[in-house]
Every structure is written in structure tokens, then in C-alpha cells.
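Read through the structures below before going on.
Below, chain A partners chain B and then partners chain C, in two separate complexes.
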Partner chain A sequence: MNVAKRTFDAVIVGAGGAGLRAALQLSEAGLKTAVLTKVFPTRSHTVAAQGGVAASLGNSTEDNWHWHMYDTVKGSDWLGDQDAIEFMCKKANEVVIELEHYGMPFDRTDNGKIYQRPFGGHSMNYGQAPVMRSCAAADRTGHAMLHALYQRNVRANTQFFVEWMALDLIRDADGDVLGVTAMEMETGEVSIFHAKATVFATGGAGRIYYSSTNAFINTGDGVGMAARAGIPLEDMEFWQFHPTGVAGAGVLITEGVRGEGGILRNASGERFMERYAPNLKDLASRDVVSRAMTTEINEGRGCGPDKDHVLLDITHLSPDTIMKRLPGIREIAIQFAGVDPIKAPIPVVPTCHYQMGGIPTNYKGQVVVPKDGNPNSPVAGFYAAGECACASVHGANRLGTNSLLDLLVFGKSAGETVVEDFQSGQLKLKPLPADAADVSLARLARLDGQTKGESVFDVGLEMRRTMQKHAGVFRFDALLKEGVQKIGEVAERAKRTEISDQSKVWNVARMEALELDNLIEVARATMVSAEARKESRGAHVRDDAPDTPENPNGRDDANWLKHTLWYSEGNRLDYKPVNLKPLSDDVEPIALAKRTY
Partner chain B sequence: MTKRTVHFKIYRYDPDKDEKPYMQDISVELEPSDKKLLDALVRLRAKDDSMSFRRSCREGVCGSDAMNINGKNGLACLTDIDSLEQPVTLRPLPGLPVIRDLIVDMTQFFKQYHSIKPYLVNNDPAPERERLQTPEDREELNGLYECILCACCSTSCPSFWWNPDKFVGPAGLLAAYRFLADTRDQDTNARLDNLEDPYRLFRCHSIMNCVDVCPKGLNPTRAIGKIKDMMVRRAV
Partner chain C sequence: MSINRGRVRWQCRRALLELDLVFTRFLERDFDRLTDDQVADLEELLRCDDYDIWAMVNGSKACEVDRWKEMIGLLRQR
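So, the complex of A and B:
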């Protein structure tokens, strides 16, 4: 196959919030930048974020970044790196105000400032009471943000390659990153994007689970590409199950519903969160609420004929508040649950939502790997931001509204680092290896030539069912062990996928087969990392690591206060220390403590 | 709920092998959990993986899966499959070049969107904090900013069919008014100049197909009327 070569200063893969924010930095600095995206930018999954973006603006209640940092570290169950968390919380006001200046239509307070609402796990004065920290545009914050970022990129003349799917990362013999291969959907043609800097902003891989709030496109493309190229994946055992996916449909209902006063109820109408989180109740952090809901359901207090969900009740809110603050939720409830939340509660279940782990980075957005005794040695030419990256600010559990903040802060930071490295002359256009496209071409040739193979649909379904059953909200040693074996079998089947569509033009079957390769890397990383971590922490809770006086909540800091690193080759695991030291002297380290809400 | 079968008539065209487009009769058996047209199409793809369409969020916010459903534009993910008369006839969005099956080339649509300068213009030095806006002024943006750029409206508009290169179309004009209505934007005159042309704005004849099909319940015709009002007010 003929492989065209295109050369840029920088190539960004992904045009969601993180990719667009990074692109803005590069375009405005005058770097020749290509942004590859497999969907038109405003179709990226940032568009589906609802409830808000965190920033301690203090527009409605007193607030400061110290409190935000404390909440984030506690929310992460101390697995988050405190330097990155300090950086993010300190930068929050700046990046949110920038968006307002770009034209983002935030809701407003009576005095004209950005409207803020309470959100799970966010508190004032180190856990005392809920704080209003989530900056919101109704319940369409992600949509408003993504469109504002795209619009600003239109103004900056950013060059997009729309409906181009990145295939593989190109590294040379030194391990340096030289760009990616990518396929244009409309023609099926493969090109090499050769660049001094490569930025991954490819989002998450929530589609490894059967029940997910995630879009079809959330297939972990960057994470899979990195893993295949020998980059380890960090903390992949930590997946967030959002408490309120619409039962049966999986579609997200924002935590902002509870921020506006919504209450979770079991079959007897009890506000059960009072028992699990006496202080913050329905606004406890997501892992806590999802476990409480699952426990209610498992113990027979679920709702409906099959007792398989709980109810999210906002019937006590005024219709006016619902129409003004939660109009999109009302549409979703009517469309996907068949109920008008003004009149009846919404059936909800915990649903896979967010990947806390990902490609290891530092707070500057540089991809870092263990090398020569340094656990965090930057990979030359490689950067990542947003859900595909692990900075790590979310640790073992992310707080709601911190994902939109993450993609703004680290999208910008990665962009700034690329610009600095470019302007200092540190970034070089290294020569492409002769075999730069061979891996991608071999994958495509294998797929085109496969006979008597496996259906992409069937293998994908088996993967999703396996993940759902073996690595869910609660985890069990025996199920995890079995899960490792099963996902290995699924991975073997995925090597023999066959498609019948042989067209060059917009071949969805080919795209889905290539996406499955990426999902499989993520699924393997998740299962193997989860099986190995013999403690409970944040979103990873095991039956054999219960709450004891020595190990509160089952967390075993003596042995497991460390980041997992999973290598695709040989399913190998490694670990690196958590950074408990903040970035500056402005703040003391947040000391380890038992998490209660 | 029992299993049910849905019969489709679907526009098929693969330029790699088909001399010309054709309508394919095809049926699919649904699972009880399949509620939306998109669920049925995904089920269909498991049967015939060459069936091509765009999709992503499956909840009506990304705007990918717009198509012509029984003669009317809409989003597959927000259309109840049981509400549709059978056979369900699916065609690509009208008036745009077809790339393959239900996938259209949206270049012209986005070109028009870009032509209205879809970004806030404010040349004052950026303040340290947010620019203030009253809740009432912010409310002016409701019904405008929620557009998902699915193109259901513009591709149901006869004026856009006849002059896709000259008429901005309902989606682009809705976006234009979104910025005209924003108290933070300072580019009012230039924005109006940009639309003062026999085609760009004035090809709208208030047929209101756009309003009829918008999956988000938005009203481009009203926004266009408001732009026309601003032009008149500016002229006197």
C-alpha cells in the first residue's frame, strides 16, 4: 500500500476538550499543528458532560483551592499525586475564566457571575459541608464547553483532519515518539503524520464494559496505541461507576441532579445515603454512592419488579428549577426512562463512566515511564492529556466536575510544554524508521485477509460481558482470577477478527475491528491490574480486603500505596511510588486518613 | 415484551462497488431492550457489517446519527423504533453529497457554519475575572447555544437545497444569532454586514421545516426573524 507522509511541528490525536485546549495553545503560538479526530470535533464525548467544571471561584459560597485540593486527594483515596493535584486546583480559576472569555455560556448568579452548584465530594473547610464549586451551563456544561473550545479553534485557524482514525504510535530505536499512522475514513488510505511532538488526547475506553455511559467512540484508541508501542498503563484497575445511569439504557444522569437537591431512594422510599454517608449523604463521592446503591440492590431493597435499580427523586423540586437548571436531564429521563422527573422519580443504576488510569504523565503533560532507575522519565516527543492520561489527579476515584477541569488544565499544560520544548529547540524532527508504517499495514492486511475468523460484534460482546461480570463495582478474588484467564481468551479471539465489508470507503466494520484491538489492551490492563491489587481503595473494592482497624476501608497503605504500571507485552506488572509531596511550599502534604463522608 | 421484527428499506451506496444507489429491503429481529432506531441499526450491523452510518453518543447530544427517517430528518438515537411505520425507510440527509450509505459529506454545511464567524468577539482587554452577564441577558442565549450541528434543519430546508453555497441555512443563522444575542459580543455590525446579502440571510422564506425537524426543539426561524429585525432597526 502506498503510504503518504505528512510533516508537522506537532500532531494532536483527539479533538475533545483536552485535544482542543492543547490545539489552541499550539495554534496561537504559531506551530504547524495537525489535529486528527475520528469524529467532527463537536461530536467528541466531552459534549456529553453535564453537571459542571470545578473551580474554587467562590461565587456563591466561600471557597479556595486548598479545600479543593484536600477534597481531590481524599476523593482519590490518596492515590493521586499531590503535585499534579495542587497544580490542577490552583489553575482551575484561570482556565475556567478563560473559557468564559472565549464565550462559553455559563449560567449566571444574580450578580452576573458564573453560576456554581454543589457536587459530590466537594466540601468547604476540609469536609465540613457541601460547597458550591461546580461551574455550570445548565446541565449541558460539556456541550457548552466543547463548542466554545471548537469555536475558539476556528478563530485560531487550527488545522483539523476530521474523520481520520489514528492507528499506531511511531517510535524509533531510542524509544522516542515520531508521530502516528492514521487512516482517512472516507478513502481508507493510510498516512504517516511525522512530527516533532505527538499529543494524545483520545479520551477514555468506557466501552470495555457492557453497561456504560460512554459513547460508541470511547474505545481507548490512544491508550491501546501506547500499550502496543511498549508504554506502560497506569492504575487501570480504577474505573468509576457513576451512580446514576438510566436503568437499562446506561445514559448518564448528572450528579448535578443531586447537587440541585435530588435524593436517592430504595424500594421503601428510604433516603438510604443517610446510613452510608451521614454528613454529605447523596453528595458523597461517586465510589461511595455506587457501592451503597449496589448494596441496597444486592440486599433486596432495589426497586421495580426485578428489584434491580434505585430511584433518583426530584419530584420535590419546583418545576421551574428543573426546567431552568436540569432541562437536558428532563429530556433524557423522558426519552430513555419514560418518566417525567417533575412527576416521577428516575430509575437509576451504577454504570461504568470514567477511566481513572491511563497513559502515565506528569503535571506538564509529558508521558513518563520508568527508565534507568527513574520511575518518571519523560518519553521524548510524547505528551498526553485528558481521560486517556493519568497525571495522576484522580487516583483511585475521581470527583465529579474534576474531569472537565483535568482536560482544561492538562490540555493547556501539555500544549504549553510542547510550545516551550519547541521554542527551546529541544524538539527535533528525527528521521522516520523505514518500517514506520509496517505495524499498521500488517494489521490492516491481516484483517483484510482473515478467513474463518471471529465476528467483531461477538468478540466485543464477550469482552464487555466479561468485564462487567468480573471487574464490576464490587470485586471478588475468584472472579478476578477467572476474569484474567477469560479476558486472555477474548484477546486471543480478537487477533482473528474477520469483517465481510471490504470497501475502502467509510468502512465502519474495519474501524470497529481496529477499535476492538485498542479496547482489548484496556480490558487486559484492567483485569490484570485489578487481580493483582490485594487491597480496597477508592473504586477498587475487594471482598477479601474488608474494613479493619489496621486497614481502614480495606486500604493497605503499607503494601499498596503505589501506582500500578501494566505492560502489554507479557502482561507484566510494575509499580511506582505515589507522589505525596505537593508541588510548592504553599501547602502541606495532605496526610493519610480514613475516608468517610 | 416479546421479540419483534422490524422491516427496513434502506438507501445503500458504496462507490467502491455500486454503479448507482439502490434501496435495500432488510429485516432485523430486536431484543426487548432495543428501543431506539439506533439500537435497531446497531443490531442490523451485527447481521450486515457493510451497513454504514455515523453514530456516537446515542443520547442526542453529539449530532452524529442524523438521517432521513420515513421522509423526515431526525436522530436515530432519539427516535422510538416502535413509533415508526414499517417498512422504515431510511435515506441519507437530503441535499448533501452521499459518501456512502447513510453517510453524507457535510463540508458545505460546516462551511456555512464557519462563514458566520462562530466565536465570541470582544476586543476589550480580558478582565481578571469573568465578564459579568445578568441572568436575564444569559437567558437570551437559551434556545440558541444548544445546537448540536446535526444538520437536520439545514438539509430539510428547500432554500438550502437550491443554494447551499450561498444561503447560510438555518443552523448557521441560529449560530449567528447566538453571537448577536450575546451581551459580551462586540461584533454586531460586522456580523450583520456579513449577512446583508440577497442570499445569505434573505433566502429564508419561513417555511419552518427547520423548526419541525430540530431534534433539540430549537427554533431557527425565530432566530432568523430576530436577525432581520436587527437589520431593520439598524437601517432606520
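So, the complex of A and C:
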């Protein structure tokens, strides 16, 4: 089959915050840049980020990047690479001020500076007191950021391919990356995007879980493509969960509801948090509340016919209070749980929110893999940034407001590295292998020719249920072991998906089948990596790795202070060291300590 | 110019989970029954910002464009 070919200096996959920030760097440097995106850029999931973006501007309280770095390393439970973390925290002010110059409507102090608000985990003087570090545009920070970056890209003449879905990474015999194959949804035609540099900025894959706060577009397309092309995935066992998503829907119920007096109850109506956190009760930290909820459900005290959730009760608050202080939450409960919280409690479960792991990169945004004894050897022509990448700045647990910072800093850094490599002549347009599109065409032919196959919806549902039950917020050895087997079976079924409608044009069923191919890679990586890691660290908490004097919080640095690498081929694991050494002499390494708040 | 329904269906994929859930319900229940004129109205509505659509659906913001009101009404139905 003849496949159309388009040639660019750089192709970027994904037009959320990281993709747009990288694209801007390239377009402004005069590189011929294509951005592929399956939805219109300003409908990327970056829009949903509300909290803010961290930067130690010190506008509202004293602050500096050393304190931010300490909070980030501690948040990561020491699994974050300290060179990348130093780089990010040092660069934060620069990228935020740049964004201000692009027209981002940040909230302001009385004297006109960017207003900063406090946020969980942000501290001054190495954990001593809260600090005001989060720069926000009301509760629409991600939305405002994405619009500012999109406008700037329009000005810089970035070429967008909207409603194009990237299918597979193209590598040659040397392992170098030469671009991607992609399908135009309007025609169903496959093209090759041949480029000197390929940047993945495809976001997270939170849709592997049954209960997820992520929008439906978050299917880990870049992560899946990288895995299929032989790139290992790093630290995929680490996912951040939020305790209160609406059961069966995933929509977030903010912590503010418990702040206003909301109470969590089990099937017998008991306020169970009194047993787990006698002092803070329902206001204990996210991980404590999530684990308590999971324990109640696992021990048979869950609510509903399937005993699969608990209840968030605000019926004791006056209707006036609910209408005045929590109107948005009331609407969410009515829309998605079918209950008016004035009259009945809201069913909730711990819900997947953010992917810490991803495609391994260094602080320059280069994708790195083990090769010839070097655990971090760059893959020529391949770069990644944002939630799909693992730099690794979030380690085992992300600090709040560092996600928007990550995509600004590493989107820009990946862009800068591409420009440098391009201008030095290091990036070349290598000849395409004759079979460059064969993998994609074979996948499509298999899908179109499948008979007596599996429904995409059924297989996807089984994947999401398996992940939720076996690799949720609180993990158990037997469940994980069973989960590895089960997700393997689901992955086999995913190889036989069938679609009844085989039209070329705007075939949503085909898109969903292709997205499932990506999700299933992420799900396998998560389950296998989680089963293997026998300690508790950050967001990965096992009941058989409890808090002891030898292993505080169940963390086992002697054996597990290392990054996981999962390879799709052979379902194989490898490990590489954590970089505990900062990038420069400006800061001492942050020494290992117990993570307590 | 005729509107491709598959395209409109795809454009119901949004940035916010709240809207994905609302549109899923709507696509299963209502979409196939819409007239071409109604699909045209929907396509126009889909050009709005996600937060604006969600505000119209959850009632915190009034829908000021008459021809979108029918769609907003359908999206609101549980």
C-alpha cells in the first residue's frame, strides 16, 4: 500500500501544555514543526488542572528554589532524580514569568505582582512552615495556560494537524527515531510524518482505571507507542489517587467538602475514619483516607449492592450551607451519582488522578534507555515531556502544582534541546526504512479483518476493573500476583478486538480500538511493576510492607531505591539507579529521610 | 454543506471528565434521533469552551443562544 509521506524538521505528538510549550520553542527558532493532536488543542486535558503552578517567586511569602527542591524530593519519597528536580525548581520562575508575558491572566497581589497561594506539601525552610508558592489564575490555571500557549503558537506559525491520531513510532535498524505514522480521522488515511526530531507530549493514561478523574482522551497514546517500539517504561507502578471520586463516574469531590464537615461512612453508617485517624478523622491526608476507605471495602463494609464504595455524608449540614458553599458539588452529585446531597450521602471511591511514571527522559527532554552499560543513553531523534514522560521529577508521588510546572519546564527544555541538536547539525533526516508504515498498516488490517473477535468496550471494561481491583490505591501481594495473570489475559483478548463499522471516515469505534492498544500496554506495565516492587514508597503502598523502625513507612532503601523499567516485549523488568546527585554544586544532595508531614 | 455525524460524535470528546460523562449519556440516548438542523446546532455549541458548556449544563450559567437551548436541555437530562 502506498502511504503518503510528509517531511518536517520536528513532529510533536500532543497539543496539551507540554506539546504547545515545546512547539513554541521550535517554531520561534524557525524549525518546520508539525503538531499532531487528536482533539483541538484547547480541548486537551491540561484544561482540567485547577490548583496552580509552583514557582518560588517569593511574591507573597519568602521563598527560594532550594526549599521547593526539598519539598519535591520529599514528596517523591526520594525516588525523584535530583538533577532533574534541581533543574525544574531553578527554571520555575523563568517559565512562569515567560507565561505572564504571553498574556496568562494570573491572579495579582495589590502591588500588581503574581499572587501566590499556599498548597499542600509546600513549605519554607525545609518543612518548617507553609509557604505561598502556587501561582494561579482563579481555579482555571490549566485552562488559561493552554489558551495563552495556543495563541502564542498561532503567532509563531506552528502547523497543527488537528484530529489526527498518531499510530506508531518509526525506528530504524540503529534504534533511532525517524517520526511517526498517523491517521487522519476525516479520511482514515495513514501518513508517515518523517522528521529529524520526534517529541511525545501525549499526556497520561489514567483511563486504565475503572475510577479515574481523567477525561476520556487520556489513553496514554505516546506511552503505548513507545512501549510497542521497544522503549522501556519507567516507574509505572506509581499513580496518584484522590480519595473522593464519585463511585462509578470518577468526577472529583474536592477536599473542601470534608473541610466543610463532610463525614465518610461505611455500610453500617459508622464514621470509620475515627478508627484510622482519631485526631484528624475525615481530614487526614489523602493517602491515609484512601487506604482506610479501601480497607473498609475489602473487609466487606462497603456500601451498595456490590459493597464497592463508601458514602460521603453532608446531610447534617444545612441546605443553606450546601447551596451557598458547595453548589458545584451538589450539581456533580445530582448529575453523576443521582443523589441530592442535601437529602442523601454521595457514593465515593479512591480515584486515579495522575501518572508519575512514563517514557524515561533526562532533564533535557531526551528519551533515554539502557545501552552498552549506560542506563541513560539518549535515543537519537526522540524526546518527551509532560505527564507521558518520566524525567523523573515526581518519583513515587507528585507534589501538588508540580504537574503544570513539569510541562512548562520540560516542554521548553525538550524544545531547546531539539533546537540545539538541530543547529549543531547533529539531527539528520535519516532515510526511512522500506517497512516504516508496515506495523501500523498491519494493525489496521488486523482490526478490519477480525471476525468472531472481542468487543472493544468489554475488553476495556475488564482492563479497568482488573486495574482497580488488583492495583488500586492500597496493594496486596496475592491480589497483585493474580492481577498480573489477569491483565495478561485481558491483553490477549485486546489482540482480537473487532469493530462492526469499518468505514474509513470519522470512525470513532476504530479510534477507540486503537486507543485500547495503547492503554493495555500501560496497564500491563503498571501491574507487573507494582507486583515486583516489594516495598511501600510514595503512592505505592503494600499491606505487607508496613511502617517499621528498619523500614520507615515500609520504604526499603537498601533494596528498592531504584527506578523500575518495564519492557513490553517479554513482559520483562529491569532497574536503574536513582540519581541522588543534583545537577550543580549550588545545592547539596537532599539526604534520605522518613517522609512525614 | 452536510455535517458528518461521526465527526460531531468525536468532537463530543472533551477536556473535562464531567462533559465526557454527560455527552456519553447523550450520545447513547439522543444523538441518533437528532435532525440535521439539530446536529448543526450541536456542532456550533461544541465550539465553546469546556467550562462554558459545563456551566450551561449544570445551570450555573444561562444559555444565551436560543438555538443551543434544546441541546443544553437534552444534555441536562439524567
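The working rule: the second predicted complex is superposed on the first by the 489 of 597 C-alpha atoms of A that agree within 3 Å, B and C clash if a C-alpha of one lies under 4 Å from a C-alpha of the other, contacts with A are read in each partner's own complex, and residues count from 1 in each chain.
FYI, a contact is a pair of C-beta atoms (placed from the backbone, for glycine too) under 8 Å apart; a residue touches a chain by one contact, two chains touch by 3 or more.
The structure displayed is predicted, hence computed values, not measured ones.
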**OP:** Give one of first, second, both or neither to describe whether A:499 is in contact with chain B, with chain C, with both, or with none.
**Re:** first
**OP:** Please work out whether A:144 is in contact with chain B alone, chain C alone, both, or neither, and reply first, second, both or neither.
**Re:** first
Original post:
Looking at the overlay, what does A:331 touch: chain B (first), chain C (second), both, or neither?
Top reply: both
Original post:
Looking at the overlay, does A:167 come into contact with chain B only (first), chain C only (second), both, or neither?
Top reply: neither
**OP:** Tell me which partner A:43 touches in the superposition: chain B (first), chain C (second), both or neither.
**Re:** both
**OP:** Name the contact category of A:53: first (chain B only), second (chain C only), both, or neither.
**Re:** neither
**OP:** Figure out whether A:359 sits in contact with chain B (first) or chain C (second), or with both, or with neither.
**Re:** neither
Original post:
So, does A:507 touch the first partner chain B, the second partner chain C, both, or neither?
Top reply: both
**OP:** Scan A:110 for contacts with chain B and chain C and give back first, second, both or neither.
**Re:** first
Subject >> Where chain A meets both chain C and chain B, residue numbers >> reply: 39-40, 42-45, 47-48, 140, 143, 186, 215-217, 249, 251, 328, 331-332, 335-336, 503, 505-508
Subject >> Of all residues in chain A, those that touch chain C in their complex >> reply: 39-40, 42-48, 140, 143, 163, 185-186, 212-217, 249-251, 327-328, 331-332, 334-336, 338, 503, 505-508, 511
**OP:** Please give the residue numbers of chain C that touch chain A in the complex, ascending.
**Re:** 4-7, 9-11, 13-22, 49-51, 57-60, 78
Original post:
What does chain A use to touch chain B in their complex?
Top reply: 39-40, 42-45, 47-48, 57, 97, 100-103, 105-114, 137, 140, 143-144, 147, 151-152, 154-155, 186, 215-217, 248-249, 251-252, 328, 331-332, 335-336, 455-457, 499-501, 503-509, 512
Original post:
Which residues of chain B touch chain A in the complex?
Top reply: 14-17, 33, 35, 45-46, 48-64, 78, 99-101, 103, 106, 110, 114, 117-120, 122, 126, 128-135, 137-138, 141, 145-146, 148-149, 179, 182, 184-185
